[in-house]
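Following this message is one structure expressed as structure tokens.
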Amino acid sequence: MKLFGIKIPMMTSLIFWALVWEIVGRMDVIFLIPPMSSIIAAGFGLVQTGSWQNATLITLRTFVLGMAMAIAVGVPLGVAMGRFKIVDNIFGLWVNMFVSAPLSALVPVLMILFGLGETTVFVTVFLFAVWIIVLDARAGVMQVPPSLIEMGRCYGASRFTIFTKIILLSALPEILAGIRIGLIRGVKGVVIGQILVSIIGYGELFELYSRSFDMERFWALTIILFAAAMVLSAVVEHFEKRIEYYAGAR
Amino acid sequence: MAASPQKVGATGGAGSGSSSIVETLADFARRRKSFWVAVSLAILFTAWEIAGRVPISFAFPTFLETLSALIEMALDGTLLPAYFITFQPLLLGVAVSAVLGIGLGIAMGLSDKAEWLLAPVFIVLQAAPMAALVPLVTFVYGIGLVAKTLAVIMLALPVIVLNSYKAVRHVNPSLVDMCRSFQGTRMQQIFKIVIPDATPVLFAGLRLGIAAGFIGVMLAELLITPTGIGDLITYHRSVANYAHMYAAVASIIAVSTLTLAALQYVELRFLRPEKRRK
Amino acid sequence: MANPIPLRTADNATPDAVVEVRDICKRYGDVEALRGINLQFERGKLTTLLGPSGCGKTTLLKIIAGLVPATSGQVIVNGRQVTGPGPERAFVFQDFALMPWATVLRNVAFGLELKGMPQAERHRIARHYINEVGLSGFEEKYPHELSGGMRQRVGIARAFSVNADVLLLDEPFSAVDEQNRRKFQEDLLRLVDKERKTFLFVTHSIEEAVYVSDRIVLLSPRPGRVSQIIEPAIDRSAAPDVIRRDKGYLDVVEEIWQGLRQYAE
Amino acid sequence: MANPIPLRTADNATPDAVVEVRDICKRYGDVEALRGINLQFERGKLTTLLGPSGCGKTTLLKIIAGLVPATSGQVIVNGRQVTGPGPERAFVFQDFALMPWATVLRNVAFGLELKGMPQAERHRIARHYINEVGLSGFEEKYPHELSGGMRQRVGIARAFSVNADVLLLDEPFSAVDEQNRRKFQEDLLRLVDKERKTFLFVTHSIEEAVYVSDRIVLLSPRPGRVSQIIEPAIDRSAAPDVIRRDKGYLDVVEEIWQGLRQYAE
Amino acid sequence: DPMRVAFGDIATVESLHLLAALERAKEKGVDVQVTFLKSEDIAAQAVVSGQADIGVGGPYALLQKVKAPIRIFMQLSKLQFYPVVNSEAYKEWKDLDGQEIAVHSRGSGTEAIMKLMADKNGIAYSNISYVPGAEVRTGALLQGNVKATIVDSSGKRILEKEAPGKFIFLPLGEVSATDEALFANTDYLAKNQKDIEILVESIITTWREVAADPKAAIALREKYKLLPDATPEMIADIEPYFTEAVATLPLNGGGADAARDDFDFYTISGALEGKAEELKVEDFWDLTALNAVLAKTGTK
């Protein structure tokens, strides 16, 4: 938007909303919305507590493991689906189904299979993130221009060389886009897993603060989590842009 | 995506006359996607049955137990009322999100000011783990239909808004220029060009919104108060009827998948003439 | 070089100018697209804008159409200054700009629909022009069922149906394949002859420009300025293959090519 | 029709044929793309395949390249039957087929990289051909930083750098704008002359075909068959503008146009 | 192997004494590992499926139905709930006839109490909705979203503090039933008898300590550094909570008497099927460890 001829960056409206929040909070309309300033103050207090640091550690650990697994499984599976019709046929149904299925209903079942605590949360992160990574990797591989592959064949490249030097590199932007969306879904997964099954990490803190009506801390925690999700996706997006830059206008 | 294992069986059986079954099946596999649907379903169900029989755990029923639990629930009249209850907040929430979301999205697509004001909020909301906020709804709206509808809206609205917004922003600019060059008014531009051109993407956004709504209603029924399918899941878990619990979980996933597939079919069939024929 | 006399006239004020472009300049932020363009376009003539890629041909056409505001200068059409799109000008788009959800008939009648003309009447007019461009029988088809050439005909029929004085065509044949394009050029000449409208035409093809135009305006690379104006003066009554081997025709093609060659990479 | 004698020779067995196509037929499922093609291509000559869209020009080129297997018939290159791609043939793609993540230098050297040539040597060779096609100074640029014409030059340099005997070009200039295309055609003629390789060229443009070819093979619509072979026999030592207004040149263009016109919509 | 204990709730002031008892067991060499789960039935499910060794909760319905041999081995607390109504809407039990109430969950003790009272007063509710979490129900009452429900003692205190006089606590006759108990697989009980005994003993001694002086809970929190990030309000809540909770703390771990009380109560509530007299204690309880410990510590 432009104001007085100056271009105002889009994200600045968040500052405007924070101000609105502050005012609503000060008017004491509802106990759910404390003033933004006291939330921020609570946030600074929160990050110094041992339980927050612990929760962050646990959450990060399960998240990182789950994402690593999702990427390690998702990318090869997606690439295989893009390359081999039979793999695509066998897994296509499941990938398409789970990418938009209400996985939250499945979480209670996961516990039986994967135990209590972090393993289940780890699996939840994995399940939330993996499908979109598979789909995007598959799309990336299918979108490799056929002429690039023919070019490789023309100059005598082996199947393996074509795969590593052409297909994978060519699919890289889509693979990264999938990982970015996967990361966001993974954050949702870690929270849902922690809230729905094992009350550990952030799930425990959320439960604790909402039960004791400690809204400042509750919102502080929420904002930290939201910010983490946004920052994560911004980081990958930045990386993606660099790749896109080299990949040019495809 | 009409998964029809029966059909496969019928064709396989019919082909056993002159040519061999294997040949018929191989031919079928090449031609029909549903064959592969059946194959992968069969693989999963067999694996499930075996895992259940081992058993991995007392709390892990076999596939057949689950199936019979599902049939039992369908016949004794618990499943249908449960879906009736679950669908209330879902449909209400999706309807509200659709009207509100498409309206807001179009406004954001058409006006820079609305975009500046709202887009970041919805971008944040879409990326954010909203599940954390669902319990808060209870404080304000209690435990009834309103709270659950709100949970559905919380998950579905950002998706629908952002997709509608993108749909409008990606309207073919030369169509808009075309309308302007024929002196179309702003209203004509919006209703005769922008909205029709955005319709396929709007609908796709709606479909994603419904997917998010399913997630929302399950979260609401598991986190706010157990009703409908969420109640079947929690109740059967609390009394150790694990087969019934699994049946409820599987049925909601199946229902959502089929709903989404049906919507996608409608979308391709009626909204994308250029993709329909080829 | 005898027969066609390319007139180098930077300022040829003709009394019968339908469109007059005065001192048009256009900047897109830091990019200067057009600088000081002065041109007149006569009634019933086809003028082609030719120039290297990015020299501002599309920009100039859109400024005349009223779709893009000029940074400075004026466009005067039928004696009135242009401030936006008007009924006396119609645009034919390079990418056809057809509505994929509407039939050929509705697409062609769309300009009239926007004017609020009753359905029966606008369909009658649309059918007339659909027939004119050789698409009768395709009224109920959707754009995706047509070939590129047929789609562009729909775009042209739509422009004709609003009965504008001035038709602005931005590379109308560039999405049409080479062999059909030749045929299309011949059809266009026939239409120009029959409809007696003013055509402004943008193309990259020198042969096409020389073949169809009464006058060719050569633009220099960015910032676009008028570098040369050529009037091929070819006898259009001759058969196409005769025209294409006409010495005058070939001379003009060659001259333009020599003029533009310096701008090619 | 005096000067150039279009030879109607369906079976001209020349001793110096580098590529020989024998009885090639190709079906894609139910679609019969090519039927009974017999052709020979001589060393050092440029032959053009011309025909309506979908007649199988690309298919024939790819069969010769070994990228697509023929349904029946054989292709013999340098006396050996073709079973797949080989080092003596190089393909130039319509969409350039450049790797967007690699610099011009690496793209040009890619054929050699695949052969396992050490970096220093392959870069030396690549630089030579980059210079040859007029791109020196652009070695470290990425494809998206180049114009269409420059990208195609990269594709051609890559094909040259592997030092193949036969170059197969599938509509190499169709993504290049019209004015650069003319310049490119002239450059191509220079390269054909200098490198003394066998060129097989596909295009939709009749003028382009006549201008650059030693021989033109006209294909009929699907299923593609050889309908006519024309040898323009134009004196290439003349200046381009002289060639373009040569009567023989114009006659051949006209003749081909009359032959193909029936296939246009 | 560690002893894996599954809580059906997060750690709050209300579980302070149990957390302290677990620390004591640790001191005596039992490697206790605690997991906090979303709800009691997940904790029960964890024990059934072998993901946890010991569960916390009152899983009578589950015990009767599940195929796995699960047994309760000690009672932790007795039901102490307070049916409460918004005075603007209702005044007494009779007013609830044909009205909607909210309880914890299907088959829970709260539902049992409300049903029992409905029977006693000869009324019927129009609908029972399930709102897990006494805090949530308390909040909903304060917000006016719920008019009649049943809350726990801390909920009662909050209601009395936040809106004195606004809510009426309905009279409740004598109800004695298990609220929370410890349960485990019989196999596990047999194989880890010693550890179980240490655990039971730690709990019983802690219970008795807290019962003798509710302030002891505060000292225990400090000693074992429990709930390190508790807010001042939470800490201030410890003493009043335990003062009131003393009445619900079984000092002898429940046992067969508690089991029979439960049979009466839960058959009425519908969580258990069959007649209370026909149910056998040994189908639900394993008293081995408890009896051994009581032999050592004596009964109170």
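Lettered A, B, C, D and E in written order, each chain numbered from 1.
In the analysis below, a contact is a pair of C-beta atoms (placed from the backbone, for glycine too) under 8 Å apart; a residue touches a chain by one contact, two chains touch by 3 or more.
The structure displayed is predicted, hence computed values, not measured ones.
Asks: What is the set of chains touching both chain B and chain C?
Replies: Of all the chains present, none is in contact with both chain B and chain C.
Asks: Just to be sure I understand: going only through chains that touch, what's the smallest number of steps from chain C to chain E?
Replies: Tracing touching chains, the least step count from chain C to chain E comes to 2.
Asks: Counting C-beta pairs in contact, which two chains come out on top?
Replies: Of all chain pairs, the one joined by the most C-beta contacts is A-B.
Asks: After a C-alpha superposition of chain C on chain D, what does the rotation angle come to, in degrees rounded to the nearest 5?
Replies: Rounded to the nearest 5 degrees, it is 175.
Asks: Going by average Cα coordinates, which chain is farthest removed from chain C?
Replies: E
Asks: Can you work out the whole-Å distance between the CA centroids of chain A and chain B?
Replies: One centre to the other, that is 20 Å.
Asks: Taking the mean of the CA coordinates per chain, how far is chain B from chain D in Å?
Replies: About 51 Å separates the centre of chain B from that of chain D.
Asks: CA centre of chain D versus CA centre of chain E: separation in Å?
Replies: Measuring from centre to centre gives 85 Å for this pair.
Asks: Using the average of all C-alpha atoms in each chain as its centre, how far is it in Å between chain C and chain D?
Replies: 34
Asks: Pull out every residue in chain D that's touching 2 or more other chains.
Replies: Chain D, residues with two or more chain partners: not present.
Asks: Please output the residue numbers of chain A that touch at least 2 other chains, ranges allowed.
Replies: Only 108, 112, 195-196, 207 qualify.
Asks: So which bits of chain B are touching at least two other chains?
Replies: 57, 59-60, 135, 139-140, 237, 242
Asks: Looking at the whole structure, which two-chain pairs count as touching?
Replies: Taking the chains two at a time, the touching pairs are A-B, A-D, A-E, B-C, B-E, C-D.
Asks: Spell out the part of chain E that touches chain B in their complex, as residue ranges.
Replies: For chain E paired with chain B, touching residues are 39-42, 44-45, 48-51, 59, 61-62, 65-68, 102, 105-107, 129-132, 136, 139-140, 143, 145-146.
Asks: Using the touch definition up top, name the residues of chain C that touch chain D in the complex.
Replies: Touch list, chain C to chain D: 52-53, 147, 149-150, 177-180, 182-183, 203-207, 241, 244-245, 247, 250-251, 253-254, 257-258, 260-261, 263-265.
Asks: Contact residues on chain C for chain B in the complex?
Replies: Its residues touching chain B are 62, 65-67, 84-87, 89-91, 93-95, 97, 99-101, 110-111, 113-115, 142-145, 162.
Asks: For a test of understanding, state which residues of chain B touch chain A in their complex under the given definition.
Replies: Residues in contact with chain A: 3, 29, 33, 36-37, 39-41, 43-44, 56-57, 59-60, 112-113, 115-121, 124, 127-133, 135-136, 139-140, 208, 211, 214-215, 217-219, 222-223, 229, 233, 237, 242, 245-246, 249, 252-253, 256-257, 260.
Asks: In the complex, go through chain A and note every residue touching chain E.
Replies: Chain A reaches chain E through residues 49-52, 108, 111-112, 115-117, 195-200, 204, 207-208, 211-214.
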